[in-house]
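Here chain A shows up in two complexes: once beside chain B, once beside chain C.
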Partner chain A sequence: MIEKPEKLIDKKGVRLDGRKADELRPLKLEVGVLSNADGSAYIEHGKNKILAAVFGPREMHPKHLSRPDRMVLRCRYHMAPFSVQERKSPAPSRREVELSKVIRESLEPALFPELYPRTGIDVFVEVLQADGGTRCASITAAALAIADSGIPMRDLVVACAAGKIDDTVVLDLYDAEDKLGVADVPVAYMPNLNAVTLLQMDGILAPDEFEKAVNMAIEGCKKIYVLQKEALKTKYMNVKEEIKEETEE
Partner chain B sequence: MSTLITRVRQKQIGELIEKGKRLDGRGLTDYRELKIEEGLIERAEGSARVLLGKTEVLVGVKVATGEPFPDTPNEGVMTVNAELVPLASPTFEPGPPDENSIELARIVDRGIRESKAIDTEKLCIDPGKKVFVVFIDVYVLNHDGNLIDASALAAVSALLNTKMTDYEIKDGEVKTKQGYVPLPLKSHPITVTIGKINDKLIVDPWLEEEQVMDARISMAINDEGNICAIQKGLAGYFTPQQIIDASKLAQEKAAEMRKKLKW
Partner chain C sequence: MPTFFEAKQLVTPGELLAEGEYQAGENTYKEENKIYASRIGLADLDNKRVNVVALRAFYQPKAGDIVIGAVTEVGFNGWTIDIKSPYTAMLRASDVLSRPFKPQNDELSQVLDTGDLIVAKIASYDRAHDPQLTVGEPGLGKITRGQIMRVTPTKIPRVIGRKGSMISMIKQETGCQIILGLNGVILVTGKTTDDEELAMMAIRKIEEESHTTGLTDRIMQLLKEEKTKREENKL
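Right after this comes the complex of A and B.
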């Protein structure tokens, strides 16, 4: 158990991990990290380390789940037993079942399901290490993995949380702030369409604080969106270099 | 959770809503008729049945003693479980809880937990060793849409009429005393679900509207009118402006409901 410090944010507006109120944790995004998957991505969001992989469009198993006019998106969010302080049982918890559902629903608006009738797409998310905000980091990685697989998308989906610690609305809560803070508002967003595809909240916020938190989270999403696009470009720059080297040989 | 609905009906629902009307004659922001009956299961410490239109949800509360969680040694424990009983809809199947029932249980749980509705510190018997455990079981008996609001209302109503046996500690042992005490409550959250159809926001979607709806958002509002839990659902999206509009609408509807229920 974490001992609650007197203040989660000091008078100068500096948080326990040294960040300012509207500052993101350091991010690292990588695309195409798994050779067997049709698309894959890896994200480090603060201490969160998460892998996402996409398989499909492919034949659905069991077959009766397939739809004659569209593809079906399936999503599994799963935490490794060693990803948290106390070992987590590898069996899916109720939390993981719910998160799998909301992550799927946050990605669906970005896809064109009618393009691949009778098929299924599976998105697998494995949280290797968790430090608060795993559902958001999972969405950011999963959207990149889908893009990497070459499935057409309306936009990338990017996610980030805002919340309230002590009396201040802050961006991107990490584990201790999430547990000891007042409220947490994860948001997933498609910047080009100005569409919020995931919104959850726990904790208590006054209406004006809620509005501020949503806007702050969206601003955070826009910053991560830039990194997402860079990660995709980097992969293709690498491919280009490889081809260049091969032709030179 | 989908039943079949013809394309022509889907179109009709959408077109009506664009004109600000609904198939069952309600305005876009009206709830269906709400009826709450309390205490109809004598074996349970608390119970309530909510009828929201034709949607029917029964909640039973059982109170037992058990161990507290190690990180909250002097607080009682609360759990919510939801059963989508097969007799409630042709789409509900027997078997272990699926993602829909788990999501429903967790939305109800979050509304009660985050609003701190139950005064869990008063449920402590012996710190670190023995506390009261409150089991809230949501039983969906008829599914005609908006199970979330009906279940959340039924859960709080059941908690409101929960009577626990009184106890005393004699020689380090817990002994039950004659008589009952009410469950200590601090807040009465009201959850309002808003659906989006053809870019219009509607309150309390019923079954056929749920088949047409792009997305939904549920917000739990506490006694002070603050938001204490949110869940967006379904495969559509909201614009940031629609979210702000929905949050204002939810607060307004919750305040109306609170006045009517005298919570």
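Right after this comes the complex of A and C.
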């Protein structure tokens, strides 16, 4: 366990890892990293490292889980045994089962399940390294992987958390802040439709603080969305640019 | 009634494309009079219709389409065929044998076995039923020679070209027979494997550069260059 420092945020408003209150951790996104999956994405969000893979739409197995009128989305969130300080048992824990459900429900509104009846799609999220806010980073990566697989979507889904440390509302908590802080509010958001698909709160916040945290998280989502879009375009842009150069020669 | 994209602009799912009196075409959807993209692709305006040519998609079966598939299972009265789509297709034994099918006389695996590839036409398909195939037309049936390749199904129209200009050019230049499965599987049959490889190389090139203009001419040039290069190597 981490020793609790006297202050998580100093008088100047600088946090333990040197960020300001409304600053995100550095992000790196990549699309199409796995050749065996229909769609895939990789995210590095601060020290989080997460892989997401999508398979389908394909026939559902076991068959009784398929629905005659729509496509079924299945999600599996899993943390690698080496993803945290103390070895984590590879068997799905209570927390992982819950996060799988939460990720599924935050992605579902972005899909058109009625287009592909009797089929299913599988989303696999593997956390290689965790440092707080993995559910948000997982949603961001999973949405990218779905878009990469060619499954039609209403919008990309982006997620980001805000919370309270000491007595300040801050954006994008990392592991220590999450554990020692007062509250954590993860939000998943569809930027073009201005719709929230996930809203959770862990801890205690006053109504005005809650509102501030939600708005801050949505602003964070919008910033991540720009990078997310960029990452998706980059995969297909590369091809386009190579050809341009060739024809100019 | 503005549109929010330039012709052939790369768009991502959820991007707002147009507002007002427009129709939602391929890979787009309409909500509250606004049109959004639903797949990553290149946006295009055709009259009042907003289309997105998808860069990544999978095959959606349609009755009448010619597809190439592989036998995955031999059943009691037919075969299960993988057509690289969300749905697996069925081929009935009575469709292949031109006489009434009797399970006691006919051993289905002698006609088509697991792993065999077939060219078939989709006889019927709807939301509630898996696609049914038929091979009862000239040019359809088991594949005995040639090479198979896969491209993204959305690229097939580009391989065909305007009024078939691209595909007939490749056929002429390489002397190969080419069957395009609309599910993205292509069969190339030539006199020699060299010819086949040449045709496959051209198709790969088309797949990579499908969104550029003047492609037919460039492919023609490429094929001619390759052919002379190979001639020289032989000498």
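Convention: the second predicted complex is superposed on the first by the 240 of 249 C-alpha atoms of A that agree within 3 Å, B and C clash if a C-alpha of one lies under 4 Å from a C-alpha of the other, contacts with A are read in each partner's own complex, and residues count from 1 in each chain.
Note that a residue touches a chain if its C-beta (ideal position, glycine included) is under 8 Å from a C-beta of that chain, and two chains touch if they have at least 3 such contacts.
In this text the structure is predicted, and so the values were computed from the model without any measurement.
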Sharing chain A, do chain B and chain C clash or fit in the superposition?
fit
Applying the touch criterion given at the start, work out whether A:200 contacts chain B, chain C, both or neither, answering first, second, both or neither.
first
I'd like to know which partner A:155 touches here: chain B for first, chain C for second, both or neither.
second
Give me the angle at the C-alpha centre of chain A between the C-alpha centres of chain B and chain C, rounded to the nearest 10 degrees.
120
On the A-aligned overlay, A:118 touches which partner chain: chain B = first, chain C = second, or both, or neither?
second
Touching partner for A:226 - first (chain B), second (chain C), both, neither:
neither
For A:57, select first, second, both or neither according to whether it touches chain B, chain C, the two together, or no partner.
second
Is A:147 touching anything from chain B or chain C once the two structures are fitted on A? First, second, both or neither.
second
Touching partner for A:185 - first (chain B), second (chain C), both, neither
first
Regarding the shared-chain residue A:65, is it in contact with chain B (first), chain C (second), both, or neither?
neither
Per the contact definition in the header, classify A:100: touching chain B only (first), chain C only (second), both, or neither.
first
Overlay on A puts the nearest Cα atoms of chain B and chain C apart, in Å, by 15
Shared chain A contacts, counted only where both chain B and chain C touch the same residue:
190, 193
Residue set of chain B touching chain A in the complex reads 70-71, 99, 102-103, 105-106, 110, 113-115, 217, 222, 225-240, 243-244, 247-248, 251
In the complex, chain A residues that touch chain C:
38-39, 56-59, 68, 110, 112, 116-119, 147-150, 152-156, 190-193, 229, 232-233, 236-237, 239-240, 243, 247
Spell out the residues on chain C that touch chain A in their complex, using ranges where they run on.
10, 12-16, 27, 29, 31, 36, 38-40, 54-58, 86-88, 127-128, 208-209, 211-212, 218
Contact residues on chain A for chain B in the complex?
1, 94-95, 97-98, 100-102, 104-105, 108-109, 185, 190, 193-207, 210-211, 214-215, 218
